[in-house]
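A quick write-up on the structure given underneath.
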Amino acid sequence: MSKKVSKIAILTSGGDAPGMNATIRAVVRTGVYLGLEVYGIMRGYSGMMEDDIFPMGSKTVANIIQRGGTILKSARCREFYTEEGRAQAYANLKKRGIDGLVVIGGDGSFTGAMKLQNEFGLPVIGLPGTIDKDLYGTDFTIGFDTACNTAVQAIDKIRDTADAHDRLFIVEVMGRHAGYIALHSGIATGAETILIPEAATNIEDVIASLSEKEKRKKLVNIIVVAEGDAFGGANEVAKIVRERLPNFDTKVSILGHIQRGGSPTCIDRLVASRMGYHAVEALIAGKSNVMVGIINNEIVYTPLEVAIREKDSIDENWLRIVKILAS
Amino acid sequence: MSKKVSKIAILTSGGDAPGMNATIRAVVRTGVYLGLEVYGIMRGYSGMMEDDIFPMGSKTVANIIQRGGTILKSARCREFYTEEGRAQAYANLKKRGIDGLVVIGGDGSFTGAMKLQNEFGLPVIGLPGTIDKDLYGTDFTIGFDTACNTAVQAIDKIRDTADAHDRLFIVEVMGRHAGYIALHSGIATGAETILIPEAATNIEDVIASLSEKEKRKKLVNIIVVAEGDAFGGANEVAKIVRERLPNFDTKVSILGHIQRGGSPTCIDRLVASRMGYHAVEALIAGKSNVMVGIINNEIVYTPLEVAIREKDSIDENWLRIVKILAS
Amino acid sequence: MSKKVSKIAILTSGGDAPGMNATIRAVVRTGVYLGLEVYGIMRGYSGMMEDDIFPMGSKTVANIIQRGGTILKSARCREFYTEEGRAQAYANLKKRGIDGLVVIGGDGSFTGAMKLQNEFGLPVIGLPGTIDKDLYGTDFTIGFDTACNTAVQAIDKIRDTADAHDRLFIVEVMGRHAGYIALHSGIATGAETILIPEAATNIEDVIASLSEKEKRKKLVNIIVVAEGDAFGGANEVAKIVRERLPNFDTKVSILGHIQRGGSPTCIDRLVASRMGYHAVEALIAGKSNVMVGIINNEIVYTPLEVAIREKDSIDENWLRIVKILAS
Amino acid sequence: MSKKVSKIAILTSGGDAPGMNATIRAVVRTGVYLGLEVYGIMRGYSGMMEDDIFPMGSKTVANIIQRGGTILKSARCREFYTEEGRAQAYANLKKRGIDGLVVIGGDGSFTGAMKLQNEFGLPVIGLPGTIDKDLYGTDFTIGFDTACNTAVQAIDKIRDTADAHDRLFIVEVMGRHAGYIALHSGIATGAETILIPEAATNIEDVIASLSEKEKRKKLVNIIVVAEGDAFGGANEVAKIVRERLPNFDTKVSILGHIQRGGSPTCIDRLVASRMGYHAVEALIAGKSNVMVGIINNEIVYTPLEVAIREKDSIDENWLRIVKILAS
């Protein structure tokens, strides 16, 4: 049976993602509307430990739905890995009477949240804020669609210059453990090949496919590589390609941190708004230790440990479509 | 039992939508890959009647995945409404041995396709190419996500100036029979109220809500109206608001045709690529008279007449969330 | 001989323009760096009258260089038109010891500034913040380049749909007294004709030129009209074109307020930064009643009354180039 | 005394730049309008040698003004460095009666053009097509403004994530011999320091300035480095900073080839249109061996060898303004 929640706090943690601000806005305004007091915690668990916590009202989140980054900032916090650290952090919540916590972030952030729940009984709700879409239990993570579009717009620009010079570009996008940004941006930009952690990279296949393109005088090609691909990043792939296929004019582009920033897309703002609303509803309904996700357009609650541990599989059909459409 | 398809044609019809070119690319390349001959038809049913039909190969669709508009152009065709007109149009397909047709468009386009199927036995597959998302049987239509993002970016700009001047803006977006662009762009831009054809507009509620905002000195507000809202467009709403709440500095902005153009978003390119691929697969599998849609991430085939006739309902939850988040 | 300035204030007034925030940042940081106290005034002359004035430091302008709108807001102020009103406003400056004022805005804003100088001896510097580029004495106004690019991107989208449907679009852009946005965006989007206040519109020429295009089957055409064109806006032009040339599929698009918002372009931020810096330098150097402008890449000071009264002429060469390039 | 020109050719060469297509359009349409025959040459001097030359009319350049890249493609051509190579290339022009050439590119491209003029008496006009703005004799080069805006938008995104994590980002932009992209994008994004080839980099100053920021707890900082800075690129700078100031969370981002692509800005399209027009006028007027530039809004003709050899100096004032505004 759930104790009634009356004061909740919110923090953002881990790598920032576009839409975090829209999520904060949704949590704060839903909380206020439903009669709760809402606190913001600066810099994730660091601010919790350092007591950098402040009350938030509807106006404090005005005009932020469209902003990249996070007004609550984010940080890694080593001290929070220790039990003493967490006790100190929790004490700062307790003294304010905070009896519910919403954590926006990825797997590291959720691990911290679970410890707060398990060690102190604090109800915690996780919201999937990660551009990589590397959490189980949701079709969307906050920031993923924006990161994909940023990558697509960058690769479109690269295609302009690739096309002007008949070049082969090997483009590295983010994704340490998940290849979704690579997959989606690669399909959307007509990539010749897409290399992702979820599928073993056969470099001989890559070479063979490029060789065939070379014979057909199709010299403009884009290969998209996820940074976490087991074979190695774009530079590794380029090294092999340059050795084996010296006739290609091969260039590397590593998109890097631009993928984290920018104004969120429409979908990321919708997902953020909906998840933020349901995080508060979930706390009020007595839920804890779960991540709010959206599957088949329905809100689904997945235990945090499952969200971290399990992994979505990449739809094999897509890899077939990639091959056909790049022909 | 299905006759084997060997030559297919593709056309775009009705209002153009971003992603049509990505769809054409997918249909052509999938067709060629699977051993079919593929023809392009210019200007929809007009080009079919005027015999403006030409063979397409993989290279003819190179470097178009990112382009707005449609390289096959689109047009209305009055003559096609007559049986003679359609007979003439079909004859142009027949003389080339074209035994399958992919139609990218909305309800009018699908009506034409059904007639070709019914009158001449031509296998036809419809792909939902409409920014309004006004077809039944799919979570996504080609162009919808781009139109929403275009609207969002425009309204973000309007919010800059609204905020600078403490103004109320009434913004009209496209959507004659469906309020999805209004709903999505309104949520994503933090609109105070969203007026759509699917829900009766109670102008007294609008006035009351604004009055309450006025009392709280919240003068910067955005109302998003779908052009097809039964109450009337942005100008109608503005007229009432100006009379009843003269203290608001009320401005109108009608976004208009910019919502049709532009480079498609990542999702629209994915949807276009996937649907284009499955349209060809469907023809080969002997399907006809159906629209390819995506529901809960699965490919679903809906009879064209159902896709036109039935209507998705708007999720009531969203309207509640809008109210809370704009507070 | 100049009295040493020690406390300056800044306000934004009139229609907002992208780059105003970058200008505020430059004025504040330059002032602080050079040892002055800097005050911000909210909502232009309204805030001056209502004593809505607050001290600004370097941190108060952090992370705003890229934002549209103006953090100081803008407003019209009727009471400021009276001598009593201005006396009250000036008293609020005087009691703080403010001995210099930077006004970012257009002609109305400069008129107010001149009165403060003339009536109370307050040193005032004007900075040209107007998207219309309707001030004399500068090659650039703050916001103009952004507005042009916003118009260009919108018209590019319109061209996508114009091209798909073989349509004639008549697009209205901002510019009540100056046709620069129309001229620049029209050239940049390959407009067939550009109608501006500075040149008499001969509708017969427009009709003749379109007729000739019709004969050559060039059906996709864009006409760009400044809102202040003497002939009338886009709707007026469309009415005539539809009557006289019914074969064109003529559509109207009025871009409206989106042209005021958005993140400023690189040039607008450079211009804003440079002008903001020189405004403070000018006050320190004892200048007053002048607008800071940039002509041929040099800083030029023009008396405010001249900046308002005189008018740049449009380079006739451009109109010839438009005609040739649209052929 | 000038011989009348009747057939001209156009090519793009060297690194591609946004606006090259707008330039091609202007040259072709102006040429046709003035009664000349116009030829396009594919892949720069390579296509000239390989006889890949084709007639261009007004329609061949329709709907390209907004496209990045170059429809004529670009390439390096080693064989053209030999006299035999050039003789062969010139023969391909001569046999068509081509008596004028417009070359869009940078210093390498102009060197080739001068040889054609000197060795064969072919009238040549150079147009400055380079994102780096590394040519003397013009305030604008085609593509520069777009590249600056692309860099600015990328750095804005990086600032979002820098701000969320209190990070120092060292961003490398293009510019091997000229620091203009670094200077302009750095000012426009509020960079703390800008390192360019034109000014000696004193790494001790950089460290001292960052140290001072660290003391003031200003941890979010952007340093923009031109790739051609004598000290080394972003990675070199980061190495030193990480050693000397380990408390900063220092990240590197190399923007790379995205700076070459994308739809040109309004200014780049204006510059391209104007220069393209004047290139043809110049050929008709009997000019040769000169680059068309724009200085103080006037068309200026600079001998190609001067345009290559001389160098603009960076305005020292800007470096002072950078320092003040980043404070």
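For reference, chains read A, B, C and D in written order, and residue numbers begin at 1 within each chain.
Methods note: contacts are C-beta pairs under 8 Å (C-beta built on N, C-alpha and C of every residue); 3 or more make two chains touch, one makes a residue touch a chain.
Computed from a predicted structure; not experimentally measured.
Chains that touch both subunit C and subunit D: there are none.
For subunit D, the chain whose average C-alpha position is most distant is B. One finds 39 Å separating the Cα centroids of subunit B and subunit D.
Between subunit B and subunit C, the centres computed from C-alpha atoms are 36 Å apart. Touching two or more other chains at once are residues 156, 159, 163 of subunit C. The residues of subunit B lying in touch with subunit C in their complex are 12, 15-16, 18, 20, 43, 67-70, 73-75, 150, 154, 156-161, 163-166, 169, 251, 253-262. By the touch criterion given at the top, residues 25-26, 29-30, 32-33, 58, 63, 65-66, 139, 145, 148-149, 151-153, 156, 159, 163, 184-185, 187-190, 263, 265-267, 269-270, 273-274, 277, 296-297, 321, 324-325, 327 of subunit C touch subunit D in their complex.
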